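After this come two complexes, each holding subunit A, first together with subunit B and then together with subunit C.
Coming up: the complex of A and B.
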């Protein structure tokens, strides 16, 4: 077996085990199925009472549906990113000690996040379709994928800094909810509030659904956001698993929830 | 001796609560975010109010802030109830050691009431930055009803689910109930919705903020909260061994 073959085989094992770990989490699966319809309908009904706003072209209920789909995708992706880091951090540290390359592990984690993001985006788009038919479905799916990938990385980042499922997911639900509102165009933002993680993906998604277009400026900004987050996430993740064997107990002591039960899922 | 034990159970439950940073953070962050922040970022427009005597429209920021207030207290109390119910192993040992179940229950209930009061105070402080209710006394009653009702729901959920899935149930159930089913921003809705845990608290809160509160709504809210508390008490007793002394 050549070095390249070995790397591919290791990547495959890492990806498979990570996806299996995600599928074995009942909470994650229940959220994946229940969250998109709940949030899309919820946001739509919350906005339904609003009169048409002078500075917004979209009917409020439709704006609510769009925001709901975006929030559901972003939050689910973030949650899965967080769960993966928290539940797998201990196993990853052992694998690194055993000689498994850190970069391969990281790419396997990211790829599995991308796979789950694609499922979450498809479910959110399907739910949205019941109320609003997208003008350009593929572009809409692509922009949801971008939003999901953005928050998948945010989730990994949060998990690297705060390796606890409950606390991390509460941080994520607040972040994603606030971001979906601030980037929606329904409220006026200034300063840093104009550069939230979804600041490009949200208008991109709206344009794809309502106009059937994919504005290149937003697309570039969205990809740049993902690239920047990927670098930050890589640094945080590599530091997390790179401390293997130091015996500081940071990750082990953090696994006091259900995460601890799945801590050794990579095999 | 009995009172001392009940007091010791209360102090132990309060200490346990205070040692859980996520609960302390929620106590401040949930009212600040749901009432203070969301109330500020919603678009500046007049929205219709349905089913509120004395008002047909209101500013969106104030209406959302008011609607979110019982929800914020319900979320904090619900998750606290979940965490407080999640101590069965310790409770069993204490009962074997001679504690009566009601003493343990009184300790939990005392903490839950304290948390509800603190969450209500934090929520009122956050709401005051957006709008002060016309009748603050009735508004506080609405917040307490929301907290006690969902505190009991939290205890019930905690007896069936682990903390993580339980927390999600207690994030989404009150949101669906208080924000969607009871929303005064939407017309229509079923009469049965008023008997859900957030039914009376939201109706009373909106009336206290904009109209004339109805005492029968308080009675309905108390009845629903008492029913939920009774169910939580039954479940609590069933999970413990028979008292030894």
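Coming up: the complex of A and C.
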């Protein structure tokens, strides 16, 4: 087996394992299916009674649907990323000690989050469609995926920096809630919205649904946000599952065993 | 009783140096580790203060010590899971690590767990399948291969935890409280397995709250005040509750013709 074949095989087994672990939770799966429609409808109904704002073109109920779809996708992605990292952190470390490449594990985790997020995005978009037919459905789906990927990374980042479920969830729910409002264009933020993770994905999604366009500025900003977050998240995650990667102590391995593959101070 | 199989294949001789003494396969020098925090109200705890350890091929070394003495910290540093603040560890060959807590993926089946760790070890599927089936037979968990880890009993989970460490036929085996939750027959099978591994040249380090069966070990070291010392057996005076059960089991095992004096390690509030 060549090195490339081995790398592909390792990624395949890792992705399969992370996906199986995510999908073998019936309650979580049921919530994943049920929550996006509920959030979209809930947001729409909550905003239906709002007066139309002079500086917002969208009618409140439609704005509610759009925000609901975005929030449901992004927040679920964030939670999934967070819990995947926190619940598996110790096993991940053992797997890395055994020789599994940290970077491959990171990509496998992120890919599995993206796969599940695609389902949540499709459900959110389908629910949205009952009230608002997207002008550019594929672009709208892509925007939702971008939002999901953004928050999937945020979830993994929070889980890597703060590897505790309760504390991480509190950070995530607060951030996602504020983000959905601040980046919606429905409130005056004095520039604060440009620092939120969804600052580009939100207008991108609205443009795709309402105008059938994908503004290039927002698209670039959204991709740049994902790229920046990916770097930060990778560093935090690799540090979380890294082995013997700090301090002055050294571990040397003369064989092809686990210690030889663990990075950091391991030589 | 699990089927015990001897897989001796001559590795022992490969691990002998020319002067007849076994090769050093694990060497730790001056390991130091302290746990602290940047927060002002958290106390800094020095766990290891210059720990040295040398283990030769085919040697079985026991490490005992009181709760919180740093046994698990030492093992985590030895396998590269934790960085020491100071000191060096040199390992020759493949390392197998059985951590104290079952660090496995709850929602994967036993079979999937072996496939994943086999991939991590760089083993081919056939090798993984052969080793998995052999270990499952030996440690008596073959009927649970398609069961999820989180649906196994504590003892069976620990069997898998141990078997994962053995999957790639390591040269150095580092076991942290490896027989926690084992039933009596599996406990005996575990020792027969370690005997076979030693015969094949595998160096084994076993950490336990205390070691009762001293004669099974080549050396027993006590970790105290951050350093390893040759243990004089005094720790067995401080046996936790349940010692009487150990004695009765010991007698039963001896009556049954089991080699030497046998006993059990008792779980405490670790």
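As a convention for this text, the second predicted complex is superposed on the first by the 237 of 267 C-alpha atoms of A that agree within 3 Å, B and C clash if a C-alpha of one lies under 4 Å from a C-alpha of the other, contacts with A are read in each partner's own complex, and residues count from 1 in each chain.
Heads up, the rule we're going with is that a contact is a pair of C-beta atoms (placed from the backbone, for glycine too) under 8 Å apart; a residue touches a chain by one contact, two chains touch by 3 or more.
Quick caveat, the model's predicted, so the values are computed rather than measured.
Looking at the shared chain after the overlay, A:203 reaches neither subunit B nor subunit C.
When both complexes are overlaid on chain A, the residue A:24 reaches subunit C alone and has no touch with subunit B.
By the touch criterion defined above, A:14 reaches subunit C but does not reach subunit B. Of the two partner chains, subunit C is the only one touched by A:6; subunit B is not. Once the two complexes are overlaid on the shared chain, A:94 sits against subunit C while remaining clear of subunit B.
Comparing subunit B with subunit C, the partner in contact with more residues of subunit A is C. With the contact threshold set out at the top, residues 257-258 of subunit A are in contact with subunit B in one structure and with subunit C in the other. Per the touch definition, subunit C reaches subunit A in the complex via residues 31-33, 77, 79-95, 97, 99, 101, 103-108, 112, 115-117, 119-122, 124, 148, 164, 168, 170-172. Within the complex formed with subunit A, the residues of subunit B that make contact are 21-22, 25-26, 29, 33, 37-38, 41-43, 45-48, 60, 162-165, 167-168, 171-172, 175-176, 179-180, 183, 185-186. Contacts from subunit A toward subunit B in the complex involve residues 26-27, 30-31, 34, 38, 41-42, 45-46, 48-51, 53, 56, 165-167, 169-170, 173-174, 178, 181-182, 186-187, 257-258. Those residues of subunit A that touch subunit C in the shared complex are 1, 6, 9-10, 13-14, 17, 20-21, 24-25, 87-88, 90-91, 93-100, 243-259, 262, 264-266.
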